[in-house]
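Each structure below appears as structure tokens.
In the two complexes that follow, chain A is the common piece, with chain B as its partner first and chain C second.
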Partner chain A sequence: MDAASYVLSVAPAFMAYYLTSLGQGFFEKSGVLNLSIDGVFVLGIAVAYAASIYSCSPWVGLAAAVLTAVIFGILLTYVTTKFPVSHGAVGLSIMFLGYGLAGLVGVAARNTYNEMVVSGIYPQFTLPVTPIAKVLMFAIPAGLGILLYLLEVRTKLGAAVRAVGEDPHAATSLGIDVLRVRLIAAALGYSLIGAGSAGFLTWVATWSEGTGINHGWIAYAVSLAAGRHPLLTVGTAGAFAILATYMYTLQAAYNLSPEIAKMIPFIVAIGAMVTFMSTPLRKKLAPPQSLGKRFFKEERTV
Partner chain B sequence: MTLLKTYNKDFSSKNKPPVVSVIGISKKFPGSIALDSVDFTILEGEIHALLGENGAGKSTLVKILYGIYVPDRGEIYIRGRKARINSPKEAIRQGIVMVSQVPQLIDKLTVAENLILGLEKYGFITRVGKVRYFIREKSREVGIEVDPDTEVWKLSYTQKQLVELLRALLLNAKVLLLDEAITFLPLIEKKKFYKFIRDFASKGGSVLLITHKIYEALEVADRITVLRLGRVVGTVPRSKVSPDDVRKMMFAERSSQVTYERLPISTPRESAALEISDLWVMGDHGDHAVRGVSLTLRAGEVMGIAGIAGNGQKELIQAIVGLRRVEKGRIRLYSEDITNRSVSKVRIRGVGYIPDQPAKYGLSLENSIEENLAMLPSLTNRLINWGSIRDLARKLIKEFNIMTPSPKTPVKFLSGGNIMKVLVSRELLVARRLLVAYNPTRALDEVTAIMVRKFIKEKASTEGIGVLVASEDLDEILQISDRIAVMNSGRVVGVFSSSEVVRDEIEKLMVM
Partner chain C sequence: MKVVLVKRVKPLPLGGLVIPGASIVIGVLISTVVLYVISRADPLVTLSCVASALVSPEIVLTFLFLTILGAALLVAFNGSIWNIGAEGQLWLGTAAATYIALFTALPQAPAIAKVAMVLTAMALGGTWAAVAGVLRAYLSIDEVPVTLIMNYIAYYIINYLVRGPWLGKKTWGYIRTDMIPDQVKFTLLPGSTTVTYEVLIIAVLALIAVYFMLKYTSLGLRIRILGSNPDALKAAGVNVRALIITALTLSGAIAGAMGATQLAGYLHRISYPIESHTANYGYTAILVAWLSMLDIRAVPVAAYIVSALYQAGISMQIAGISSASATYVFIGAVLLTFTVLRVFSEYSLRIIRG
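Then we have the complex of A and B:
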């Protein structure tokens, strides 16, 4: 394999991690703590798989994953902003709901897939993986990252998302509808998470129950280790994509036990977050001040 | 009542049309009635002051007009048409804009980003840069110098309030609600604000000025409405009332407790409660805020620190209690070196601390009065005796007339003034050897402020504790202090004993 092939092999994993962490970071900037990510990610993979099989088109799978993720993102946002409930509790509930639904949707689709294979039909459930497609798997997410960055720092919407994440009471006072802005952030953020999950399916190119579990958390770590900054996330997503793609090569090269090998991404995730916290970026890219805090419109304040 | 009828007759003769009218507005909070059938009108082109003691319902009424609270009962009319204001966004559409005591700006965002948020004519995808020119033009027009690209956290308190006023103008406000927005400003800046709101009213705008400072209301308002315990006591024209009349409306029989006479001088003991020598402390912006301050405070003595805000008083006080690092110099408490000790180590030695931002440095708003007492190591051991804490809370509630449904009510449900009372009463209790305070009565109404000053003075003279009070209110300093130190640019530029003090001289030193 030449150098270019080595680089291109990383593309699907990069696309999966980068899009998911990009969406996660943008959404959390609106002040909603997102612990549903892993469940929605796993569900997105299953939905992408099922929709691709039923429609015989991976593009329909991508669209279905995006739509599903957005629905769950809107649900999480609506419940946590409209009612004074714990972001953590709602997020974790949605996560488990996602795991359950993923099994339900995926297993049925897999049975259909098996029947189709017996009949001689091989529906493609992954996005194209030609060299050009792989180049685009780097280029399109990176382009989206730049667009999202410009949206965040240059536009009124970006200012509004950051405002409701910092201080929703003050944002309300400034004339912002907190729920509306958070719903927009959820729609944008979760569509990226959904697209990331479809990208993951392209990377692993197979589906079984539990596919993708914990990779949503890795994407969360990717986002945190870059301070939720869309451009810095390119670096952390790239590093994790390389690690994930060449994990088995590493395992073989150093004769690691499978258990140890499986733990490596999580050890690296902790290390990356600690490293980030020890740099000056920790202050510059501090998390939104109201992240995860309950929002009561009528709360008496001094 | 006769007096009020005369006044009502008087201003009915003015032909200014009403802009905002509220009829029968009531609002309850858990365990308390904040407003009870309030009727009230703001006329076009007038400055209308809304006065009342702490917890009278002033802020609640303003928040209803701005759509932050929804009233339980009652109606709001804007220019004679019934209106339903259920969000600040709706209030802004109706031309009503609020400026609060605590700036409602997002610190991490730039001035331009903050200001564009409320401007409906700009859609979500508008570039923030597009409003930069508009902001510069408008700020030049009204004489407010502000760089639209500055992040708000870099601005001073006064600058933030100016940005809030600029925001109101950009939003084309017709009615400006100033909820204690001027109270915390230094005197010189206050005068500028008075001019600003007079100009605003002269151009047909209406201003509702919420304050607990009678003199502030009398200085600028055309009419004054007084609220007490959630009810309107009356509305009077400024020209027809004296401070005493307004005071009687605010406090009824308790108004006789208001006095600005100097409190009796205490007798300092031999021992030094606090010795500060050549102290250097950094400010928030990387330069020295305190520059070589040396002071000695005797036990039983009250020392006032006079100065305009931002001259190092806050940093000095924070360094004493361990909230800010000392770069150079020593602080001794009864001869014990406490320089750069942690806050808990300083506090456990009997040091009380009253900051002027109770929410940030004084109390946990989510917790109750009882819990806010129990969390102080000087009041509890490892195991909390909730029975005695409850008795203590009840005692403080009674003594300081804290308006709260119960000692178990979370502090966030109290009014700003009552939150300050919780803090002051607790700190007076824990100050066994030293009390340091920064603007201890700024958020309190006159009766409570004077009561607190008397408590502090009595504590110093009877229990022999040292008291260091920094305040931007010179009347407070003159009333309470045995000695006065004036701070300017981080240095002590003069120390006077209360018997020889000349107000003019202090004022000169403050601004030189």
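Then we have the complex of A and C:
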């Protein structure tokens, strides 16, 4: 393999991790702690797989994964913003539901696939393997990242998202509708998470129960390690994608145990959190002040 | 016409019973519908699986594990310290006990070895949780992502050990440690193949210790105030940093003890990789702690119901009705319903005209 194809092999993992962590970081900027990420990621993969089989089109799979993720994102956002409930508890329950539904949906689709094969129908899928497709797998997510960054720092909506994440009560008194802004952040963020999970299938290209489990947490670590900054996330997503893709090559070449390679993203994430909180980087990269805090006044319309 | 959420003057009478009860019923019904719609599982069969799990002897071990972990989590949760890391803490406890059983001379004296297994497991689980405590206390880093991420670091540390230095000699090609010596295995209760005296004793001790600690000691009082009014503690001159670290350490230590009982009473060895062999008790226990509404006396009840749901998922899988996922659907649906319904113990919905 030449140098270019080494780089291109990283594309599917990069796309999956980057899109997911980009969406995660943007959504958390709005002040909702998102612990549903791994469950939604696993469910997105299963839905993308199932929809691709039923429709014979990977693009329908992508759309279905995006839609499913957005539905759960909106549920999480609505419940945590309208009611005085723990963000962590809602997030973890959606994680469990995501794991469960993923198994049910995926197994049903696999049975359909097997029946189709028995009756002589072979659904045809062409996964993107050409170099151009792989270049696009770097370029499109990176482009989306730049757009999201501009949205975050240059637009009113971006300012509103950051404001409701820092102090939703102050934002309300400035006339910002906290629920509306968070719902928009959820729709955008979870679209990216859904797209990332569908993109995961271009990396592993197969589904069995539990496919993708823990990879959502890696995306979470990617986002934390970059302080939820859309552009810095390119670096962490790229680095962890290289680790994940070349885990066994690294073992052969440098005797780096795959277990250590798997551990690195999580250690880096904790190291980054420590760095961001104990150095002047805090100003730019610390988590939003109101992340995970209940947003509630004494009385309100539901 | 508007629907308004209003704070109650007094909490809902019997809310501690009505709300968890209603959540379980609604959650199970939602799961039944979901299982029917996606997997065509006959609703009557689903419900009968749940009903028979409630009286199944199979759930006793899960019940005891979840009781210990529920008690562990309550120590931290009562102080509003959200320890999501019981999973990693308990597995490190399992690893510590494995080390004592396989790589020291202690098993020569089985009684000492058993005590040492539990104590080192508690020490390691506690230390692991204390790391998150230090980061929270000194750098105000949220303990939720830290404890969660540390679960995965713990998994991979143990995977590394099991594949490397701890790899067994008599494993028939499987990647796993050797069996721990027979003399350090815990003693089975008569008539049971999974439940040991030791796990029973540790569960009872954990419940009693946490109950007394929270109710009758100054440490317990401080932890509870930390959960409701941390500023009052600072004003009273309490060392809040040390308190946060202590609460997380105790929580992790009890979770670690469960890890030792899991090894010596049930697993008897560690198999690679952890993430495919774990029963996820550390995460499931979060549901137990929530359903108990942070009241230690309710932990066994919550643990009983959750272990029944857990078993219902497994029996549906064995009956071929659904995949392994049914358990997750049950747990997710009940937890989500409960999280929302719980609001109504302190708030009520009113309809206002005009």
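Rule of thumb we're sticking to: the second predicted complex is superposed on the first by the 255 of 302 C-alpha atoms of A that agree within 3 Å, B and C clash if a C-alpha of one lies under 4 Å from a C-alpha of the other, contacts with A are read in each partner's own complex, and residues count from 1 in each chain.
The definition used in the following text is that a contact is a pair of C-beta atoms (placed from the backbone, for glycine too) under 8 Å apart; a residue touches a chain by one contact, two chains touch by 3 or more.
Note that this is a predicted model, so its numbers are computed, not measured.
Once chain A of one complex is fitted onto chain A of the other, the partner contacts of A:E209 are limited to chain C, with no touch recorded for chain B.
Set against each other, chain B and chain C touch different numbers of residues in chain A, with C touching more. In the superposed model, A:I94 lies in contact with chain C only, and not with chain B. Look at A:M273: by the touch rule set out above, it reaches chain C but stays clear of chain B. Touch criterion met: A:S86 reaches chain C, while chain B stays clear of it.
Residue overlap on chain A between the chain B contacts of one complex and the chain C contacts of the other covers 298-302. Residues of chain A touching chain B in their complex: 154-160, 162-163, 166-167, 169-177, 184, 297-302. Residue ranges on chain B touching chain A, taken from their complex, read 29, 66, 68-70, 87-89, 92, 98, 100-102, 104-109, 113-114, 116-120, 122-129, 167, 171, 358-359, 365, 412-416, 419. Listing the residues of chain C that touch chain A in their complex gives 2-7, 34-35, 38-39, 82, 84, 135, 139-142, 144-146, 148-150, 152-153, 156-157, 159-160, 163-164, 275-276, 283, 286, 290, 322-333, 335-336, 339-340, 342-343, 346-347, 349. Listing the residues of chain A that touch chain C in their complex gives 33, 35, 39, 79, 83-86, 88-90, 92-105, 107-108, 209-210, 213-214, 217, 220-221, 224, 257, 259-260, 262-263, 266-267, 269-270, 273-274, 277-278, 287, 291-292, 298-302.
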